[in-house]
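Below are two complexes that have subunit A in common, paired first with subunit B and then with subunit C.
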Partner chain A sequence: MINHFFRLGFVQMGVQLRMRVLNLWSLVLFFTQPAIFSTVGILLSRAAGNANPDLIYTVLGAGIMGMWSGLVFTSTYDIRADRATATLELIVGSPTPLRRVVGFRSLMNILAGSSSMIAASAVAVLLFNYSFVGINVLGAVISFLLLLIGLWCMGVFLANLFAWSRLSGTFVDLLEMPIALLCGFMFPISVLPLWMQKISAVFPIRWGLEGLRDSLQGGMIDSALTTKWLISLGISLVFYLLSRWFDNKVHDHIRVTGELNSI
Partner chain B sequence: MIKRILHYFRLYFYQAWFSYRSLFSWSTPFTYLTSKIGFPFFSMLFFVFMGKFVGFSDPMFIVVGNILMMPVTNGLYGLSMTIGNERQFGAMSYLLGSPAPRAPLFTGRAFFHILDGFITIVVALPIAMLLFKIDFSGINFMLLICCLALLAITTTGLGFIMGTISLLSRDGWMLTTTLGQLLYILIGVNIPIDKLPPTLQTISAYLPMTRGMQATRLALFGAGWENVAGLLLGELLVAVVYIIVGYTLFMYVERASMSTGSLDSI
Partner chain C sequence: MPTSSSISAIEAVSLEKTYNTRQGFWKRSTHTTEAVRGISFWVNQGELFGILGPNGAGKTTTVKMLSTLLIPTSGKIHIFGQDIIAHTNEIRKRIGFTFGGARGLYGRLTAEENLRYFAELYALPPKTTRKRIDELLELVNLLERKNDKVETFSSGMQQRLHIARALLHDPEIIFLDEPTVGIDPVGARELRAMVKNLKEHGKTILLTTHYMAEADELCDRIAIINKGKIVALDSPANLKNQMTDDHRVELIVSSEHLLLVKNALSQLGSKEKITYADHAFHTSIIIQTPRLGTVIELLSPLLNNGLIQNLDVRNQTMEDVYVTIIQNEEK
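Up next is the complex of A and B:
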């Protein structure tokens, strides 16, 4: 049982990695777009008279943006591609649950997207002499892990949502930038109006990201930071449970109608 | 002679209508609107808040720049898809095998994208002005309309080139997207041209929309024809050069595909 689980994960993630590497579109999602947004931030900062940009937000934030863009496009387009090439029915019909396939795919998408964060960190260190001295290493590692969990849960949720209805494909353009905006990928949440800050509270990425920034700025592990971690973990769990609910809904629908491509 | 000209016009508008319809007729109004304004609108807000965070004193510069950037969705992305999809859907062989003159076939694809881009910007600009409480009481309306129309036209130059490149490369869409995003830096959308590093300023001088955007900004603040004539003429010249380059490239690709007999696989 466990062997089968790990074998499935290994094979599924291997295929997914090859698809990401061979598809040049990944280059845009993971590197080009974040680099362009980061450049805009740096040039705006210079135009505003700042000698140096805020590296945590302007450069490392671009890495987070690459992770999110990669996740939202790959998680959603994978399901759309499955539907278009009629492999969605084969996956659903196989004894392996769809949610497990989607789960491994999303995990690989996030790990591949982490290359964006690595590239952003390299740029911050090599080009802007960013120093990791004085950061809260343990806090940063835990926050980053929680960020990955949050991203994974949202990725699985979106993939199931897209399997549930082909109309949900319409929302890709309404997901990428709004979430980046609401979660403050490249600026602090405090610059947003209050109503936007309230909306952003329902996304686990926001809390993981705040924890990561606090830790990168040397903040200690105190009650404020642990509260952010717990909120991030709690909301991630809610997204995961929602994705389970969607998964059941998809299977119910197939049993009733006997078809999947048309839903 | 008149019959021939009428034939050209008929072909031009038929091509224009069918190619545009094939791109959007399958979509619902909601899908159409989200594809048109989803990314531009939210990226505008993103840049506004990014500017606010770094202390950029003129958020309206970013708002106006991103609104003026909207025709790129049609002129660059839409047109590039219209041309590039011919190969993807296997229609390339039939198109190149037909005896129809190439000029109306090729340039016709831009007509409705220009119209759509122009309408988008004409609708979006007043909405943005109301939302962000921008006071443009001194607007020179005739000049503004002229500038907006020119912006909608000039983006197609890049669309023609990238569409033809999409015929040559299966990764054409990636290149088109990268170019489209680079425009956020290079043509004065978010950052004034004079604040760019010298190398980027030089590049921006050779790109379409740079002068058009400057002229439109001036028109919004009440500048007259005499103030922007040079910019508009420069913009027109750049647009013509890009469209000619796009058409020449297309003719070259067609000739190359004929000589190798590999219409769809080049």
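Up next is the complex of A and C:
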């Protein structure tokens, strides 16, 4: 059983890597977009009079933007592509739950999306001579892991949402930029009105990102940081449980409406 | 119905499937389509059961309900005595299915990679997977193309690979929804041979097809469905006998001799059904008759005098039966 779980993961992630990640368009999405965001962010910051633009909001923001876009587009594209090629009904009709397939695919998407962070950082280091010194490495690693967990939970939840209906693909554009803005990917969230900050609090990536920023600025692992970690983990868990609950609903719903296929 | 001592492989009771489609944004309206309207049948273990019907008759919807991909609006389905809703996952391990056409495979992966991917969804152990992939690729005559990307395959090759995929976990029941659609005659013949071979190995097969000769050749029993209802169900031989004992006499007559032939045919009684189809230079005449001797006796002098260009006598085919049933239903 456990062996099969890991084999399934290996096969799903391998196929995902070959089918969705290792192609020109995905590589453009994962590398070029964050590199452009990072460059423009730094240039805008300098133009605004900052002699030493904030590395955290430009580079980190560009990196997370790439990860988020990659996750949203690949997670939604996966389901739409499977629906269009009639492989979705083969997956749903097998004894393996769709959530497990989607879970491994989302994990691959997020790991591939992490390359966005590398691309954004490379631009800052190579083109603008930034250096990463004085960071809290342990805090940054834990925060980054929590950020990945948060993204994964949201990815699995979204994939279920896109399995629900053929028309859900149109929802993608509504998700990408608004959540990036609400969660303050490239600017301090404190500049947003309070009501917007309250909305952003329901997304685990906001808390993981804040933890990562604190750690990259050399902040100690104190109660404020651990609180952010716990909130991030807690909301991620809520998203995961919601997607587990939603998974059964989706499984029944698509078999009632006949929306497993694109025809 | 099957007796209690022998459990049917498939048992469908009063199956119905209705789709509701919502239209409009401000003024929402719901359009209801009754795809399947109360069909019941059973399939014995090891039987090859066919479902025939025109486009939109409900064949694919029925197969999708039987293969757990759709939930019936009402009615019951039992696979080996297990309720399909209550035991969905157990049943999925015991059935395999393919749907016609080139879709349903990952084109950028090779044949072997596709099969390995789906084998993992059925939790096959690695050793079994390796063995099964080679066995099945050999069965479907694709072993030499094992490492080629599926996007380079012809429709027939993709269809054969579909069948290999459906057989990976050695299912006891196989649902084949129009397996020969879009395949050339040679490929279709190979596929039919493969289906026969699966039946010989004890598999229960449910086949839907548009091709009457295919159903006649392969199936133990056939259900003809139209507008979501079963309108006939029996063995191919019984269906042909039940419909009529008539023979078909087909004539080709040139336009210049048509009047003479028509006059001769007017001597036949009400037991004969005669249809004429006019073409540019000739007319095709089909005579359906239970009195073959009388008709031949009448036509022989005309044939000998060259008034009839061609005369062909044959028994009713499955296609004749099908067309008659569907036309009667339409009336």
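Remarks
Heads up, the rule we're going with is that the second predicted complex is superposed on the first by the 252 of 263 C-alpha atoms of A that agree within 3 Å, B and C clash if a C-alpha of one lies under 4 Å from a C-alpha of the other, contacts with A are read in each partner's own complex, and residues count from 1 in each chain.
Note that in this section a contact is a pair of C-beta atoms (placed from the backbone, for glycine too) under 8 Å apart; a residue touches a chain by one contact, two chains touch by 3 or more.
Please read these numbers as outputs of a predicted model, since none were measured by experiment.
With subunit A as the common reference, subunit B sits beside subunit C without any clash. Of the two partner chains placed by the overlay, only subunit B lies in contact with A:Q33; subunit C stays clear of it. In the superposed model, A:L194 makes contact with neither subunit B nor subunit C.
In the superposition on chain A, contact is made by A:L90 with subunit C only, not with subunit B.
Once the two structures are overlaid on chain A, subunit A sits at the apex of an angle of 80° toward subunit B and subunit C, using CA centres and rounding to a multiple of 10. Within the superposed three-chain model, A:V133 lies out of touch with both subunit B and subunit C [touch as defined at top]. When the shared chain is aligned, subunit C comes close enough to touch A:R7, but subunit B does not.
Looking at the shared chain after the overlay, A:D252 reaches subunit C, while subunit B stays out of its contact range. When the two structures are aligned on the shared chain, A:V15 is found in touch with subunit C, with no touch to subunit B.
In the superposed model, A:G49 lies in contact with subunit B only, and not with subunit C. Comparing subunit B with subunit C, the partner in contact with more residues of subunit A is B. Distance between subunit B and subunit C in the overlay is 8 Å (nearest C-alpha pair, rounded to whole angstrom). Residue ranges of subunit A in contact with subunit B, taken from their complex: 24-25, 27-28, 32-33, 36-37, 39-41, 43-50, 53-54, 57-58, 170-171, 173-174, 176-178, 180-181, 186-188, 191-192.
Listing the residues of subunit B that touch subunit A in their complex gives 28, 30-31, 34-35, 38-39, 42-43, 45-47, 49-57, 171, 173-174, 177-178, 181-182, 184-185, 190-192, 195-196.
Every residue of subunit A that touches subunit C in the complex is listed here, in rising order: 4, 7-8, 11-12, 15, 18-19, 85-87, 89-96, 101, 252, 255-258, 260. The touching residues of subunit C, counted against subunit A in their complex, run 19-20, 61, 64, 67-71, 89, 92-93, 97, 99, 101, 103-109, 113, 116-118, 120-123, 126, 165.
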